[in-house]
Structures are given as C-alpha cells and as structure tokens.
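What follows is a set of structures for review.
Below, chain A partners chain B and then partners chain C, in two separate complexes.
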Partner chain A sequence: MGVLIALGLLIYFPGRKMAREHVNTKTAVSDHPLLCSKCHLYTSENALVSKLLNEDYYSPFNLAISKDGSRLYVVAQEANSLLVVDVEKQQIINKIKVGNQPHTVILSKNGQKAYVSNQWSDNVSVVDLIAAKVVDTLKTGNGPAGLSLSADGQFLYVVNSYASTISLIDLKSGEELKRFTTGNNPTGVNLSPDEKTLLITSRRAIIAPYGEPVVSELTEIDERTQRVTNRHNIESAYMMENVAFTPAGDLAIVSLNRPKNLVPSIQVEQGWMMNYGIAIVEQKKNGRVIQLLLDEPNAFYPDPFGIAITPDGKKAFVSSSGVNCISVVNIDSIRSLISKSTTEELNSLSNNLGISDHYISKRITTGSDPKGLVISHDGKRLYVAEQLEDKIAIINSETFDKIGSIDLNGPKRITVNRTGRRLFNNSGHTFQNQFSCYTCHPDMHEDGLVYNMAAKDMGRNLTNTQSLREIHHTPPYKWNGKNQTVYKQDGIRFSTVLTRTEQFNYPDLDAITAYILTGIQYPPNLQFNPSGVLTKSQQQGKKIFERKTDNYGAAIPVNNRCITCHNPPYYTNLKLADVGTLAASDDSTQFDTPHLNNIYASAPYLHDGRAATLEEIWTKYGQTDKHGKVNDLTKIQLNDLIDFLKSLRAPRYEKKSTK
Partner chain B sequence: MDKIIRKFTMRKYLRYYSVMLGSVILMFVVSCGNRTPHSNSDQRNKSATDNSEQEAVENYHAGSDLAGDTKPLPIYGNWHNFTTKDGLPSDKAYCVRIAGARVLVGTHDGLAVYEKGKWTTYTTKDGLPHNGVVSIDVSAVTGDVWIGTLGGLSCWSGGKFETFNQLNSGLPNDLIYCVICDQKDVWVATAGGAGHYDTYSKEWEIFTEKNAPMHEPWTYGVSAGAGKIYIAAWGGGVIEYTSKSKQFKDYTDPDGEMEIDLLPDDGIVHDVTTATSWANGYLWVSTYFGLSRYDGTHWKGFFDHDCGLASNFINFVRAKGSVVFVCTDRGLSCTNGRSWVTYKKNDNNKDGMAVVLNYGRADDDTKNKSTREIPLSPSISHNFTIGVDADGDKLWVATSQGVSCGQLLK
Partner chain C sequence: MNGMLIFTRSAVKMQNINYITGLSWRYSPKTQIVAIDPDKKDSTVQILSEDFFSARNPQISYDGNFMLFTAQRKPNDPWQIWEMNLRNFTSRQVISSNENCIDPAYLPGDKLVFSKLDLNDTCKGGYSLYTCQLDGSSIHRITFNPHSYFASSLLKDGRILTISRQVYPDNGVQKLMVLRPDGTKCDIFYELTEGSTLLSQATETANGKLIFIEKTQSLATGGSLVSIRYNRPLHSRDNLSSGIVGEFLSVSKQISGKLIVSYRKSDADRYALYEFDPEKKILGNVIYENSGYDILESVVVEKQEIPKKLPSEVDTAVKTGQLLCQDINVIKDQSQSRSIASQLSRIEVLGIDSILGVVKAEQDGSFYLKIIADKPFRIKTIDSNGKLIQGLSDWIWLRPNERRGCIGCHNDHELAPQNLVPIAVKKLPVSLPIHVMKIVEKKISSE
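Now for the complex of A and B:
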C-alpha cells in the first residue's frame, strides 16, 4: 500500500507540474483550472463525444405571421425547418423540413403558401401551408436570404447573400428570369407600400483602400420596370441587415453599424469603436439619408437586426441582438427632428450619442439573441425570434410589456457550446457593451473591414479581420501569429487590447473557446465547387498551384511554391512567412499563413486588406515573386489559378464527395 | 518554303495594318476636317430642305432585299449633328448606342448621354476607368450599361460605375475594342484576347491564340446570335464559339491573299477583321478590305467597286433586322444585301447626299441597276464613321467630327 502511495505521489507531483506547464502555455495564464475535460472534452471533434455533449437546437431566426394572426411561421435555422406555431395554444403544430440553413420566410398574397430561402442549399422551398409540405423547390443564386414578392405576387425576388445579387423568379414557371448585382453581401429586401420600389440592404461595405471611409450600398429597384434605378451610398455604415417602410411610404428605415475602424482600437475606452443605429431614407425625389444612433453615451446597442413598424406608422421596433434588447423608435419624433433640421444638422447627428432619448421611447429586454421581428396585422402584438433561447417572445406593442413566450420546445439543457455561442453573440464582455465577437465576425466569419489595432504606437498594424470558420486546426492565430491557441487569443490579452473590461471568467473562456473551435462551420461552396468535380479551368489552376517548374522549365524553389505553404486540407502550413507584403506600419516582419478554404468569401486579402480581389494579390502586390512564383503566368493561367482557389472548401465537404 | 514566305508576308502586313489601325482609332482627329458651323441662313433653309429630302424619298424607294424581307431599305434624312458646341465632351466620337429614351455616345473624353435634349458627360471623375469610351452595350435583361474603354471595362448600373480591369479581375486586357451583352453573359474583344464574363457566377474566361483558333490575341469585335459568339480576331478572320458546346470554329480567308479577294465568295474576304454583327440569320463581317456576309452555308463578299459600299475600309458594322449599317472611312453605307444607301458629306460644306443604289430582282441582274442621289442638308457630320445604331425612326452615327442623328424619311 505504502509503495503504491509512494508511486502515486511520484507520478502525481511531476505529472501535475507538467499539466500546469501545459495549461499555462496554452492559456498564457498561470491560474486556469487544471481540468483536462475543459479543453480536451469540450473541443473534441469525435463524433460520439460531440453527440453526447451537444444538442440539436431550433435557433429561430426569422418569422412571418398569418393575416388572422393565428399562425406564426418560424424559420428554425439549426433544425433546417419551418415551424408552424399555433399562437393561441402557443405550440408547434407542424414542423416542415426545408433546405439547409433556412434564412427567411414570407407568405404568398393569399396566405396559402410560404416561401423559405435556404441559404446553404441555394434554393427556396415552396411550402403548401394547407398540406403542410414542401411542394416545390426554386433554384436561386448563391446564399439566398431576404425574400419579397412582386406587386402582383407573380414574381419572387430572392436576395443572393453570398453572390451579391438578387434573382427575379417567375413563380408560374419556377424559372429565374434575371439577376441584378446588388451591394456587397446583401440580406434584407422590402417592397414599398405603393409597391413601386424595392430596397435591398447590404452587410459588407464596398471594398476600398484603407483610409477611405466605409461606404455600403442600398440598392433600389423599380418594381414596375424591374430595373436597378439607384445605388444609394450609405456613408460610414455597414451591416445593414434589414429594411422596413412606414405604412405611409414616406420613410424607409434600415438597421446598420457605424464602424470606427480608421481610428486605433484604443478608442474603445472613449466609446468610439463601433456605433449602432438606423438609416432613415426619405422616399421622395432627392430624398436624404439620415443616420441616427440607437446608442446612448454610456450604453451601446450592438448588432441591430430586425425592424418592424406598427400599422399606424408611429413606432418602429429594432432588435439589438448583441444586448438582448428591442429598442422602440418613435417615428413621429424622427419626422419632427427631420423637419426641424437642416441637412448639415442632420448629418452631425449621425455620431451624436446624446440624441437617442429624443426618439427612443423604450428598451425592451428579451431572451438571448433577438433576431427577426413581426407585428400582428392588428398592430397589437410584436413577436420576437429569440435565436439562442429557442423561444418566440410576445410583446404588447402598446405597453411594451412582455406578455408571453412561446417555447419551441428545443432541448432544455444549455450545452457548453451553446453557452459559448451566447457569449460570442453578446456584447456583455466589452466596455459599455460596445461590441460582441459577432460584430466584427458576423456569421462567425469576418466583416471585410481593416482595423487599426492598438499596439505600442498609434496608426500601426492594420489588420484585416479573419474568418473564424473551422479554425480548430489552423493555429497560430492573429496575423502576427502571436497567439498559439484560442484560449490565449480570447483570454487576458483580448480584454486588455480589445474589450477593455474584465476578461472572461474561465468557465466562459472555456465555453467560448469550445464554441469557436467546434461550433462554427463553413457554408458549402455551392457557387464554385458544389460537387467536388473541378471545372477544366480549376483543374488547370490546381496544376499551377502544385507546380514545381515555371513556364520556362526552371525549377521553382520549394519555398516559393503555392503548395508548400498552403498545403491541404486547410491550405496552411501553420507557419509564418514573409511574402513581400511588409508595410512601413507593420511591427511584425512575418505573417501567419492564412487558411484558404472558402477564400472566395473573404475579400479583401492580405494581412492589411490591401488586395481588393484575389487577382490583385499577384497583379498589384506580387511583382517581386515573393508570394509564390507568378510573374511567368499568362493571364489565362492566373485566371485558372484563381478559379482553383475559389473552389477550395472545407475538408468536411471533400470527405462527403469522396464517399 | 511557300508557307514560310506566306507567313512572313502575312506578319509584315499585319504589323503594317496594326500600326495603321492604331493610328486610325487613337489619332484620327489629326486627319479630320473642321465641321462648318450652322449659320442662320442654314437654319432658315432647313425646313425647305427637309421637305425636299422627303419629296426625293417619296419619289424613290430603295428596293427590297432577296432574303424575303419586303420592307424597303430605310432612308434617313433631316440630319442633326452634335459636337462640343452642343455639349459633347469631344468631337471624336467612337461609338453610339440607343437605350430607350437615352442615347449613349462614347467619345475620346468620356461618356456622353443625350436625354431630353440635353447632353450629360461622365468621366473618370464619376467612376469611369478611362475617358476613352470605345464601345457600349446595354443588357436587354437588366438594363445595365456595359462600357468598354481604353483603360478597362465598366458596368454602369443604378448611377454607379463598377470597374473591371486586368489587375483587379479576370479581364484579359484593359484596351477594350468591343463589349456586348448576351443574356447573362458579357463578352469583350480586347488587345489581350476575347473575354467572357458570367454575371451570375462572376467568373471570367479568356480566349487567345493559346486556347482558341486565333492568329494572335488581338480581337476587335464580338457579336452574338443564335447561341453563337462571333469574334473578329485581328489577322485571324472570325472565330465562332458555340456557347452550349464550348466549341470553336474559325473562318479565314481561303485564298490567303492580303490585297485582293482572289476567288469571289469563297469565304471571308480578308483575315484582318474589324467587327461582326449577327441578325436575321446572317453574320456580317467588316474588314479593311471589304464586307462579308455569311448565311451559315455561303459567304458573299461586298466591295466598293461592285456595289454601293462607300469604301472597303470598314471600321464597324451593325446589323438590325434585315438591314446592316456599315461605317467606313468615306461615309456610312446601309444595305440589305441587295440595295444600298450611302450617306456622304461634301468635302467643302456641311451638305451631302444619300446615294441610293438598286438592282433588279435577280441575283445576277446588274443591268437593271439604278442609282439616284438624294441631296441632304445638312448631311452626316463627317465621312469617317466609326459607330452606328438604329432604333425606331432614328439613326445615330458616331464620326470623327461629332455624332449625327438622322430621321427616317417616310
């Protein structure tokens, strides 16, 4: 017995010391609890472990309501379903399987059909609501999101969020008639009450060199001529998720973020990193676009998403998913403000934190991550899709009291991953709730902006936001590769540099790390590589990617071959490299080799976002041949190489194709 | 040895013509005469002239073609000329396109848009990639305007210009000679090959001598018709691309002669092609040595010495229905393959004429040829014509001395 105890002590103490050193290295702190399961269990990708640890939630995202108000139609994003909810009984009466990652639901004019956009299937499910089944599937462009019917109900407009286009589909034939280019990463679409104008929002800004103010496009289509008639520049704003018209049609209201990415992130302490608000778009000739903040001097309302306006046109509700809140906007106050102010005065209000109490009547607290909103046709009730709560909140739209909650009966257990996702989407961990992880990583991806991250000097280290999709196997993190683990990235350093508040406590850090490492997936690459079979051009590009000799037969040094640093399946060798892109403002001399799957969706490119397109990496910024040997390539070959790069997708899909 | 000599000779000629074409496109203003401004007496006499033009036409109709179309060849008069004095940014007009109520004119100094009697100019300050606008087409599907410039391609939609160039996209080359829209596809003819842009997938394809039966990458014209794309490849004749099968077929001058068409109607008249246009089942091909027509089986050549063509030096061709408009260095010709109307300006004043040439009914009936000259006052603004478009009762012509708009005479 004594021998066993002695042996145990001999193993325990050195073992514990080793474990401590291991944990300290991984977390960059010395007091993270020594519990193996926190990392090795919750971040496990083993299918069985994953199944035991996780749950299949509904995650309601958007919703629609029947004319009589008796039925709610709820998009359950994680369940790939449309839920039909009996409002009176507050229960699901039908669960209709649709495509992957459904986004939006709208109803036909007679209310007998629902159209559901399936963002990860590139189609729209046509649901017969009487038979409660999908009766047709309409092919769309890449990443269908927002939907709108034409004035006569004969055509369906489908916003293709990943392709930055909008499709016009003839509902009789099911054929796509035409496709218009929109702003960058569009989502919301709405038809004006006079049924003449469609407005389409976009989330990502128009790509421009760093230093130029952010501008995003609000696209306008004349529904009668079915032509794009205007592309409004919405200055200093992005992430315009949705748009709604007042019933009188005099105003359109758009939710938006106002990023301050041109100032160093040290300004977080000054309440100056990111603002959230609405754009008021006057619907008349030479109508102005006025931006007003939802924020207050010491309180921010991040990630505005849904907008619903009451039938009397007096109130607008805006969901702020980053703070679990609905802001009630008094539209008459805004009308009054607009009528009393000059354009210059109105422009000056767009950064004014002290004005929101003039038009915000109330803040209504909701469950986790409020997204889509819908108001009953009598205007009395507001329904809120609480995405990470699996519930629909019911709010009295006159008293603003929460009068009920429809439980969609998702799993009751809140898993570590789910906790991590709630933390990811919530701004509670930043100074004055200024931003959530989701703010700069919408859809757990990236926002397409370049930030001036605080460092030892101001104005240095411009940083192109990187995607968080499937980064488990692609350490180190950050462009300078200084963080070997997500624990380190999101721990004390994160709070010091970015959030400027208390760091995550360790259970929260474990949860958010588990979510980031295991809960975020790439969408399928349906536009450039839907089946795994490469096109002729992509095949040619693959040969160039893997080539060992140049066009003249000379050997390309190993370190200057694409495949050397960008090796599959993640297309990174996890090392730092100097590819000739060092700028005078960079402190690092080498940069982390980025992973390339779904790279088509991550413009701009290079560590400081200087390359607006993949082409520019080599045409404008590859003249020294340090970022791979490319200057011998013909334009056809360069196009082939880029076609191949665009075809890259997550290993998960490659495995499926192989099977 | 013959082959080598022939190849060498061809290269020599191509080099010569390359230089000549460059000179023509970019510096032809040097060789252009000054336009005589309208005087008050001109204006006073205008209505009287209009009537005389109308009467002349009423007395004389250009004959119908042999392709079954019984419509008489249209004759345009009452010409109205626009120059910098009227608001054009430059007198050097490269192309013209009618888009509903608007007329879009590509000039050396920007895009000019004529709407409700007013010209508005758009330049690089507004987002154009280059002020030299050489080609314009309007998507029939979306209404977007695609603009080929000397420094890149632009899509003008909803008031905004989106630029594609050889550095930021898969565009073959920034020097764009022609752009066309074909449903969801956009095609360009550039100095670095022909390019195909799919507006749905936003992907580019490039076709050069490396992957298509071209003589060299330079392409000057492109047109679409009946599921096929026709590329005017410099020195390589016409390249036909079938969109569905992605197959190429080339049409070159069978006799291989650079200066004469040795065997009539044996194929395309010359390998140095400048434009193509397809309509009503016919492909029309312009060269600097004559005009060709292809009906899918037979080629037919047209030359200034044996028909009403103004000149063999043809800059551009556009077919609309059964009529083809041919822009030459000596005036604008229109034909249905049988009858001809050529608009020419006098050298010494603003007036000119429409020369109408009719043949008898049979193909070989040259004996019953009849010619008549209809006086025009004013005429087209210059004989060096490089762009044309017709729609409804209007004919617009881009010349080296402004743009001209003619009214259909009934």
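Now for the complex of A and C:
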C-alpha cells in the first residue's frame, strides 16, 4: 500500500507540475484552473466528442408574417429550415427543410408561397405553404441573402452577398434575367411603398487605401426599368445590414456602424472605437442622407441589424444584436430635427452621442442576439428573432412591453460552445458595451477594415482584421504572431489594450475559446470551387504555386516557393516571415504567415491591408520577389495563380470531394 | 449584520459650513457611527465607533462583511481610514498618515480609494486621490492636479466618481469627475452651475441613475435631491425633490431600489432618515429620527454587485504619457468654431509654474504630445497673430504610459471623433517640456 501511495505521489506531483507549466504556457497566466477538460475536451474536433458536447440549435435569424397575423415564418439558420409558427398557439406547426444557412424569407403577394434564400447553397427555396414543402429551387449568385419581389410579384430580386451582385429572377421560368453589381457584401433590400425604387445595403466598405475615408455603397434600382439608377456613397459608415421605408415613402432608414478605424485605438471613452446608428435617406430629388447615432455618451448599441417601421409611420424599431436591445425611434422627431437643421448642422450631428435623446423613445431589452424584426399588419405587435435564445419575442408596439415569447423548443441545454457564441456576439465584455467580437468579425469572419492599433506610438501598427474562420490549426495569432493560443489572445492584454474593461473570467474565456476554435466554419467556396474540380486556369495556377523552377529554368530557392510557407491543408507553415512588406510604421519585423483557405473573401490583403486585390500583392507590392518568386510570371500566369488561390477552401470540403 | 442600517449621527447641530475646503461640514467633531435594525420597532442603537473620538463615512464591502470608515482616535488626531469586521466589530487601521485621510471607497480586487491632504507643489494644498490595498500597502497617488477630490464612489463600470474643485490658482466650480482607478482618463461627468455645491457622495441605482445632494445658496445646510442618467450625465439633471419643502443632506440606496435620505423639514428640525421613492419622487416614512442628533449619512449592510475591475495601462517604467487632439478648431460652441476655424495655429502648454512649450498645430488642427507623466498642465489656443483664442483649459495630467485622445479644445463631451487619420500621428510626438525630456532620455540611455 505504502509503495502504491509513494508511486502515486511520484506520478502526481511531477505530473501536476508539468501540467501547470503546460497550462501556464498556453494561457500566459499562472492561475488558470488546472482542468484538462476545459481545453482538451471542449476544443476537441473528434466527431463523437463533438456530438456529445454540442446541440443542434435553431438560431432564428429572419422572419416574415402572414397577412392575417396567424403565422410566423422563421428562418432557422442552424437547422437549415423554415419554421412555420402558429402565433395563437405559440408553437411550431411545420418544419420545412431548405438549403444550407438560410438567410431571409419573404412571402408571395397571395401569401401562398415563401421564398427562402440559402446563403451557403447559392439558391432560393420556393416553399408551397399550403403543402408545406419545397416545390422549386432557384439558382442564384454566390451567397444569396436579402430578397424582394418586384412590384407585380412576377420577379424576384436576390441579393448575392458574397458576389456583391443582385440577381433578377423571372419567377415564371425560374431563370435569372439580369445581374447587377452592388456595393461590397450586400445583404438588405427593400422596395419603396410606391413600388418604384429598390434600395440595397452593403456591409463592407469600398476597398480603399488606408487613410482614405470609409465609404459604403447604397445601391438604388429603378424597379420599373430594372436598371441601377444611383449608387449612394454613405460616408464614414459600413455594416449596413438592412433598409426599411416609411409607409409614406418619404424616408428610407438604414442600419449602420460608424467605425473609428483611422483614429489610433488609444481609448474607448467618448465613442473612440466604434459608433452605431441609422442613415435617413430622403426619397426626393437631391434628397440628403443623414446619419444619426443610436448611441449615448456612456452607452453604446452595437451591431444594429433589423429595422421595422409601424404602419402609421410613427415609429421605427432597430435591433441591436450586440447589446440585446431594441431601440424605438420616433420618426416624427427625426423629421422635425431634419427640417430645422442645415446640411452642415446635420453633418456635425452624425458624431453627436447626445442627440439620440431627441428621437429614441425607449430601449427594450430582449433575449440573446436579436436579429430580424417583423411587425404585424395591424401594427400592434413586434416580433423579434432572438437568434441565440431560440425564441421569438413578442412586444406590444404601443406600450413597448414584452407581452410574450414563442419558444421554438430548441435544446434546453446551453452548451459551452453556445455560451462562447453568446459571448462572442455580445458587447458586455467591452467598456460601456462599445463593441463585440462580432463587430469587427461579422459572421465570425473579418470586417475588411484596417485599424490603427497604435501598439507603441500612435499612428503605428496598422492592422488588417483577420478572419476567425477555422483557425484552430493555424497558430500563432495576430499578425505579429505574438499569441500562440486563443487563450492568450483573449487574455489580460486583450482587455488592457482593446476592450479596456474587466477581462474574461476563466469559464467565459474557456467558452469563447472553445467556440472560436470549434464553432466557426468556412462557407463553401461555391463561387470559385464548387465541386473540387479545378478549372484549367486553376490547375495551371496550382502548378505555379507548387513550382520549383522559374520560367527561365532556374531553381527557386526553397524559402521563396509559394508552397514552402503556404503548405496545405491550411496553406500556412505557422511561422513568421519577412516578405518585404515592412513599413516604417511597423513595430514587428516579421509577420505571421496567413492561412489561405477562402482567401478570396478576405480583401484587402497583407498585414496592413495595403493590397486591395490578390494581384496587387505581387504587382504593386511584390517587386522585390521577397514574397515568392513571381516577377518572371506572365500576366496570364499571374492570373492563373490568383485563380488557384481563389479556389482554396476548407479541408473538410476537400475531404468530401475526395470521398 | 445583514440588513442592519448603519449611519452617522452628530449631536452638534449642523452650522457654519465651509464648502470650499469640504472639510468642516463633512468631518465635524464627536460624530458617531451607529447601527440599528430597521425592521425592528424600537431597535436599540448600537454604537460601532465607541473607541473613537469622532467617526464618519461608513462604506460597506461588496460581500457585506466589512466596513471602511474615517475616524479620529483622539480630538487632535488627523482623520485616518479604518476597517471594521462587521462579524466581530473589531477595527484595524488601514492608513496611517500625518495628514488627513478621508472618504474611503472600496475598489474591486481588495483595494480602496481615499482622499488625502497633499501639501506638495503640484496639489497646492488640496486633497488628492490615492489607492492602496486593503492591508494599507501599495499606496499610489492617482490624481495630480491642484484640485481637491472628495466623496468618491465607484461606478458599476469600474471608474471612480468623485467631487472635484480646483484650488489653484483660483477656486473653481465643483464638478463630478470620473477616472479609472489607475488615475487615467480623468474627465468631467457632471458640472454644477455657479453657486451650487455637491454635498454628498453620488449613489448609482440599478436603473442607471446617479443620485446625490446638490446645494444652492438659498438653502441653509442641506440641498436638493438630484438625479442624472449614467448614459448622458451632462444633460439629464432632474431635481427629485423639487416639490418637497425642506433640505436633504445625504442619500444611499437599498437593493430594493428605494433610497434612504437624510432630510429635515426646516431649520428647527434635526436631520432624520426617511425612505424616498425616486420613481414617484415621494418622501416616504421616517426610518430613524432622534431629536438629540442630526443623522448625517447612512448605509445598509447588504451584499452588493461588484463593479468591473478595470485593467491598467499604467507602466511606471515609462516616464511620459501621450495626448492626441484631433482638431483644435473643434470647440464646444459650434458657431464660434466656424468663425475661428481658419485662425487657430498653435497651442501653449502651461505647467503649474512654467510654460512647458508652444506647439504648432498641423494643417488639420491636430497635435500630438508626449508629456512628462503625473504633472498637471493646461492648454490655451493661439491664432497666427499670437492672439489668445481659447483661454486656459482645465488642468490635465497623464499617467505613465497613458494615451489619451480628445476631439478638440474645450470640446463638447458628447462628440465622438471623426474617422480620419490626424496628420499629427503621422509624425513623432512633440515632447514636452523639452529640457526635462532631454534629461530623462539621457538618463535612460546611460542606463
């Protein structure tokens, strides 16, 4: 017995010491709880373990309502389904399978059909609501999101969010008739009450060199001529998720973020990092676009998403996903403010954190992550899709009281991963709730902006936001590669220099790490590599990517071959490198080799976002051949190389193709 | 002790108030800290400060088990900070100083903040704020202005809210200032009108209000019960007691949301404790009164939500802080801003006793300074003809390694920055004061 105890102690103490050292190394702190399961279990990618630990939630995203108000049609994003909800009984009466990652639902003019955009399937499901089944599938562009019917109901406008286009589909033939270019990463679309004008919002800003103003496009289409008639430049704004018109049609209201990426990120106080608001777009000749904040001097309302306007045109409801809140906007107060202010005065109001007192009547608290909104046709009820609650909140649109909640009966267990996602989407861990992880990493990706992180002196360390999709196997993190783990990345320094409030407690840090490492997936690369079979150009590009000699037959040094540093399956060797991109304002001398899957969706490129396109990496910024040997390539070869790079996608899709 | 009501009482009637120093009215002799059970009728008063000549300002720890307070052992002792274990009523001295140390408030992480009389050259005889561990170790000064700071409390967001008044070169108007517990990002929270005075610590309610007592000259010793909204404190003043005859002296909150106020109807009465409903603005029942005493302040013993524990950017190995101004032409009065927009060209930075430097603003109005840390300075703006356009700003200080940004000079505190790259940050900061910076750099290089 004594021997056994002695043996046990011999194993226990050195083992514990080793474990402590291991955890300290991974977390960069010395007091993280010593529980193996916190990391090794919750970040496991083993299929069985993952199945046991996780749940299949519904995650309601957008919704529509029948004319008589008896049915809600709810897009269940994670269940790839359209849920038909009996409002009276507050229960799901049909669950109709649609495509992958459904985004938006709208109803036909007679209410007998629903159209559901499937963002990860590149199509729209046509659902017969009487038969409760999908009766047709319409092919779209890449990443279909927002939907709108034409004035006569004969055509469907589909916003292709990844391709930055909008498709016009003839509903009789199911054929796409036209495709218009839009702003960068469009999502929302709405038809004016006079059925003449379509407005399409975009989320990402137009790519521009750092220092140029952030500008995003609001695209205007004349529905009668089916032509683009205007491209409004919305200045100092991005992430314009949705648009709604007042019933009178005099105003359109757009949700938006106002980033401060050009200002050194030295504080959070006084709205120094990110602001949120709405754009008021006057619908008349030479109409102005006025931006007003939803925020207050000491309170911020991140990630505005849905907008719904009451039938009397008096109130607009705006969901702020990052702070679990609906802001009630008094539209008459806004009209009054606009009418008595000069354009110059209105411009100065766009940064005024106090002015919201004049037009925000109420803040309504909701469940986790409120997204899409819909108002009953009698205007009495507001329905809110609480994405991470698996519930639909019912709010009295006159008293603003929450009068009910429809439980979609998703899993009751809130998993560690789900907790992590809630933390990711919520701004509660930043000072005064000024931003959430989601704010700069929308869709858990990146926002296309370059920030002045000002690590040492202001004006230094320009940082291109990086995607968080499937980063489990691609440490280190940050462009300077200083963080070997997500635990360290989101630890004390993160709270000191970025969120500037209390750091995550360890259960929360474990949960958000588990979510980031295992809960975020790449969308399929349907635009450039839908089947795994490369085009001829991509095949040529692959050869260039893997080549060992240049066009003149000379051997390319191993360290200057693409494949050496960007080796599959993640296309990174996980090391730092100097590729000749060091700027005078950089503190680091080498940069992390980024992973390249789905790289087509991550413009701009390089650590400081200086390259607007992949091509610019080797033309404008690759003249020294330090970032791979490329200057011998012909234009056609460079195009092939870029075509190949755009084809790269997540390893799990490659595995499926191989099977 | 959970649920007990602790309060301070004074047999000496309130009079001869000196609002400038903030001392005589808040720290009078022979005050006692006592406790009652508010749920029991005829509850006996238990004197908690029997060992002290005078005691005041009880503050309950977040777990409800301890009480910080200020006390004098003997009549001529300086006021010092003590902590009482409420389970066994033993007290220990937290701070030991030759100067008055008053107004303690708990900070998360077993720390506290308090005011200490400072007689050094930069403070000019005001009370500065200090933080330390609850065992009295690691004392750090966190304010560096010639101001007096009193009656600090902690906001839920983790910042210190404190009453501040400039004492040099002139006495200024009182303000509620807010700063991080490491002394960074000090800024105005609420400004009083000329002639008004803050009498009490501000208490933050569950529904986002800050409530305190504000005195106008018309009232003898007390003031009105005033609330402001946390979300927009500079423009949300609401006099909760406007329809009530009488005077208020202090306010504290209960978890139920109700307030306890120290109130008297007239000069002839003594201050007593009443309930107050802030939503209905109604003075409720009397909780405790004693014709032999004024009740100065109160606090309920109960567990409270712990405010956020803010991280610190202070690095004492760094000897400077940095200040970025986006555009000196942006000033509070927008009409004036437009009229002088093209004229402003320089700023003059003044320390306590000397000019630290004159700095040319960039074409876009921005400037970027690196200034010796923990020294107060003020800024004035000058046009191209050398004419003073905006007078001296409030006193500012920067902590070591602190980086602060402002939108403009004397700017509107409700304005967020424009999203643009200030020209000034494309260059190295201007170091001030030049001669001192040279010495510091020389010392660093010699090390």
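Definition applied: the second predicted complex is superposed on the first by the 657 of 659 C-alpha atoms of A that agree within 3 Å, B and C clash if a C-alpha of one lies under 4 Å from a C-alpha of the other, contacts with A are read in each partner's own complex, and residues count from 1 in each chain.
Convention: contacts are C-beta pairs under 8 Å (C-beta built on N, C-alpha and C of every residue); 3 or more make two chains touch, one makes a residue touch a chain.
From a predicted model like this one, the values you see are computed outputs, not experimental measurements.
When both complexes are overlaid on chain A, chain B and chain C end up sitting side by side without clashing. In the superposed pair of complexes, A:Gln267 makes contact with chain C only, with no contact to chain B.
Once both structures are fitted onto chain A, a short way to say it is that chain B and chain C open up an angle of 130° at chain A, using Cα centres and rounding to the nearest 10. In the superposed model, A:Ala612 lies in contact with chain B only, and not with chain C. Of the two partner chains, neither chain B nor chain C is touched by A:Ser108.
Comparing chain C and chain B on the residues of chain A they touch gives the larger count to C. Applying the stated contact rule after C-alpha superposition, one finds that A:Arg179 touches chain B and leaves chain C untouched.
In the superposition on chain A, contact of A:Asn560 is made with neither chain B nor chain C. When the two structures are aligned on the shared chain, A:Pro213 is found in touch with chain C, with no touch to chain B. Of the two partner chains placed around the shared chain by superposition, chain C is the only one that A:Ser236 touches, whereas chain B remains out of contact.
This overlay, made by fitting chain A, leaves chain B and chain C with a least C-alpha separation of 22 Å. Residue ranges on chain C touching chain A, taken from their complex, read 108, 157-158, 185, 187, 230-236, 308-313, 322, 324, 326, 334, 368, 403-405, 407, 412-422, 425-429. On chain A, the positions that touch chain B within their shared complex are 141, 163, 165, 177-181, 217, 219-220, 225, 227-231, 527-528, 537, 612-613, 615-616, 619-620, 634-636, 638-639, 642-643, 646. Residue ranges of chain A in contact with chain C, taken from their complex: 210-211, 213-214, 236, 258-264, 266-267, 269-272, 275, 293, 295-299, 345, 348, 351-355, 357, 431-432, 452, 454, 457-459, 492, 495-497, 500-503. Per the touch definition, chain B reaches chain A in the complex via residues 141-144, 155, 157-160, 162, 166-170, 172-173, 184, 192-193, 199-206, 208, 210-211.
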